[in-house]
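Some structures to go through are shown next.
Both complexes below contain chain A, partnered by chain B and then by chain C.
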Partner chain A sequence: MNLAKKLRTYDNAVELKYFVEDLKLNLSKDKRKSVKSVLEEESNGMKDLFLDLLNESNISISDSSAVTDFLGDIINKINNFERVNLVVAVDPDEDLIKTVADWIQDKVDKSIILKIDVDPDILGGIKVTYKGKYLDLSLNNKLNGIFKSKDILKI
Partner chain B sequence: MKSAYSKDNFDNLLNKFGEVGRVVAVSKSVIQVDGLPTIFPGEILMFENGGLGQVLSVGREKVDVLRYSGQEIPVDLKVARTGAGLEVPVGDGLMGKSIDSLGGSLFKNEPVGQFEEYRSIETTPPGIEERVKIKRPLETGVSVVDLMMPLGMGQRELIIGDRKTGKTSFLLQTILNQAKKGTVCIYAAIGKKKTDILQVEKFLKDNDIRDKTIIVGASSTSPFGVIYAAPYSAMSVAEYFKDRGEDVLIILDDISIHARFYREISLLAKNFPGRNSYPGDIFYTHARLVERAGNFKYKGEDDQKKSISITCLPVAETKEGDISGYIQTNLMSMTDGHIFFDGDLFDEGRRPSVNYSLSVTRVGRQTQSKVRSGISRELSNFLSLYQKTQSFVHFGAELSSGSRATLKMGDKLIDFFNQDSSEILHLNLQIMLFCLIWVGLWNNEAVEDARVEWSKIIKAYKSNEKVRKEFAKYVSEASEFNALLGRVSSEANQILDVINSALEENVTTDRSKQKPIKKQQVVGKSTKEDNK
Partner chain C sequence: MEFLPADLVLNIVMLGLLFLILLGFVVLLTFIYKFLTNWLEYLQKEKTAGTEQIRHEAQQEAQNILESANKEATQIISDTGKKASDILEEMEGMSEESKQKLSDTLSKTSANLLKIYETNIKKQKSESLQALANLTENIDKSLSKEVGEFEKLLREETVESKEKIREKLLKKYEKLDNELQDYKSRRMKELDSSLYDILYNVTEEVLGKGLNMDEHRKLILESLDDAKKRDLFGNSG
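Let's look at the complex of A and B:
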């Protein structure tokens, strides 16, 4: 199961984490309740993704102890994701996020997720932050460099 | 403050170093940051909101950052490197200014201006080959110190005592005297109340020496980092003027407060606590600072100058007069002596309340002329005898005439050492006045009456050039103390004539009636003889 590939963004990861933590809490509150009945009460959008993950891992929904272990496993995985922060000028669509996330995931060994912020001030391009390294490939930065080097503003 | 530290420069710093950090935890003064893979200890960091911090320690994942700004630092805030340690602006423009540890204005209403040169607040102290023996005396203008515990230019003398015992008054007198002699004076206020710093500034302004002094400091409300860095910044400013060939006097007021703040920072950074919860490197923290002062070889073009000095007077506060505290004894072992301000003496009305028997000067005596060292020796011997005699009085013993004479002379000398906090006495005046007392000129007078006469002499000395010249002649022509004493004894009336004529001149200018000093018969050369 490649959880990072399924989630791709930090927002999705946080949403799944909260969903899993809620589920864990509800299960621990009333131990007589089955996983299925607890899930039925949930209306979160992550429910389908969670059921897919259970299927992929060949865990039966009726096996409460296996599901509980699996919940802990998911939280651990999410906590260990490495974050790549991206700042872009426009809100990216799902396809773009998928392309970028898959491309980055192919280049690094660890599971990564993207934290995407939108800042129209950068005009275009991208700002990347990963493991404390910072790369400004924005159009704004490029133009500033050109203005500075050619003294265009003084003319 | 350095323009590179402005908030607008944040993006430039990110681009320049290609590294970014993120605040992960915040305590009062220590902030944990992750990221920044190639950061080094001591480097200044800038937060996205313009706040500043300095790297305290570097871990595998996170770094501990000492906060320098008062802004709120939320978790997840971006952090940029600056690539440099903390630097303070230096230059002539600092004269008369009050700056904080970062070079910004201490009082926000006073702009500091722009500076071209910046110096790191941490430098390696000069080695032994760059230092020379302390040979030049440093006058404080306070008679009990100048005559009994002389200081030298480049000496590091600890000023120690309970709170409110007159330490700062003494330091201000020393600044006043030294600033008038052309020494660059730097007052480092470490964690002091703002009102106290303003009082120091007022004293400097009232005495017309503000433009010769610099206040580097951090008030008690400043961020801990700013307080911690204050003495180091002040020392860097001192080093700038020293390197330019000017003698510098630096006051570190006070180091025990600095130690307390450093203890708090270290505990917040989860460093292992040692004795009294101070961190293990507390000695090094202060020793590397004090070691930067001293007397150094002069490398400039002035042939007259042989050495150039940074005289350092660190201050330490004691509790209940206990000078054996951890920080206090640390400081004693890294300085060239200490002057102890005694709370009991202060309560007895002694000003300054210097306890000469518990004070030490290790290098000051080697700077003294023969006359001064003679006076110092004579005074030490006599005052110890005076103290012993005083203890007999407590038993109600009937005293011999010799003992009574000792007590009388002792009382007079103690009163002679009493000095107003804004008054400074020139060394020649101190010597001559002491000699006049010592030869017994006022032996038959009460202390109060003698005090009136001394005031007249002080007034005459300060207002009349002739008196100053006459006193200087006596002191410079004497080969040693006894020779001077003999001459003063035989020529006491001529000396009083000069003073009286000066006072008469003053009457014509001042229009105030001034009675002449009564001519007295010199009773004896020294009361010590009587006691035998």
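Let's look at the complex of A and C:
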């Protein structure tokens, strides 16, 4: 199971983590309740994803013990995700997020998720931070460089 | 010449006497002149020295000179009369030829005297004219020199003033030129800055609104490739 690939973004990871922690809490509160009944009470968008993950991991929803272990496993994985912070100029659609996440998964690490912020002032490109390192590869920054060096006159 | 006596000898004698009398007057006048000159000298001495003694001595001296001159004049006139008388006596014994010779001699002498007189007059005139010419020339030279010096002074002062004005103008010009260059430079920087601001804003506006989602995606992926090339992700992947 490639959880990072499924989640793609840090926001999704946080949402899933809250969902899983909430589920774990509900199950521990009333041990007589089955996982299925607790899930039926949930209306969170992460429910379908969670069920997919159970299915992919070949864990039966009726096996409370295995599900409980799986919940702990998910929380651990989410806590151990590496994160790439990106600042982009436009609000990214799902297609853009998938494209970027796939690039990261393929060319960097499968356990990396994206933390995306939007700043229209950067005009285009990205500002990227990873493991304490930072690069401003935005269009705004490139323009500033051109204007500061007066290269605009040569264009 | 009708007022002259018909006798030639008498005429000559009269002429001689007249000549001697004139000579006596000349001597008398000379003494008077000398007296007056000495008198003036004594007066000057008196003026400078201011002593009564000198004046007295001067008066005494003048008196002596005057008396001496008087005596000499009297003596000359007396001698003249005597000589005239002697001549008259000699004349009476003279032949016609001798009388003629004497007459010629006197005429020659008179002519010589006249000639000397004329020569002296001419010489005096010439010297006066020369002196006048020299004086004119000196005045001319002096004036030329004065005018030359004045002209030189005027020229020097004019040139000096011109030079000072030129220097002042040059300094003023340099100052103005520097100020102008500073102003130009400042304005050019301001203009550059404004121009770049405008261009930047226009570019920002155009790019901000002009990129579609596909172009954004392309730019983002290019940036990620760039980040990887710059080793932002380290050895991962």
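Annotations
Note that the second predicted complex is superposed on the first by the 148 of 155 C-alpha atoms of A that agree within 3 Å, B and C clash if a C-alpha of one lies under 4 Å from a C-alpha of the other, contacts with A are read in each partner's own complex, and residues count from 1 in each chain.
The rule we apply is simple: a contact is a pair of C-beta atoms (placed from the backbone, for glycine too) under 8 Å apart; a residue touches a chain by one contact, two chains touch by 3 or more.
None of these values were measured; they are calculated from a predicted model.
By the document's definition of touching, of the two partners only chain C reaches A:P120; chain B does not. Contact with chain C, but none with chain B, is seen for A:V90 once the two complexes are overlaid on the shared chain. By the touch criterion stated above, A:K133 is placed in contact with chain B and with chain C alike.
In the superposition on chain A, A:T99 makes contact with chain C only, while chain B stays out of contact range.
By the touch criterion defined above, A:F147 reaches chain C but does not reach chain B. By the touch criterion defined above, A:V108 reaches chain C but does not reach chain B. Counting the residues of chain A touched by each of chain B and chain C gives the higher count for C. The contact surfaces that chain B and chain C form on chain A in the two complexes overlap at residues 131, 133, 135. The touching residues of chain A, counted against chain B in their complex, run 129, 131-136, 141. Interface of chain C with chain A (complex): residues 192, 196, 199-200, 203-204, 207-208, 211, 213, 215-217, 219-224, 226-228, 230, 232-234, 236-237. Partner chain C is touched in their complex by these residues of chain A: 86, 88-90, 93, 95-96, 99-100, 103-104, 106-109, 112, 120, 123-126, 128, 130-131, 133, 135, 137-140, 143-144, 147, 150, 152. Interface residues of chain B, counted against chain A in their complex, comprise 11, 14-15, 17-21, 34-37.
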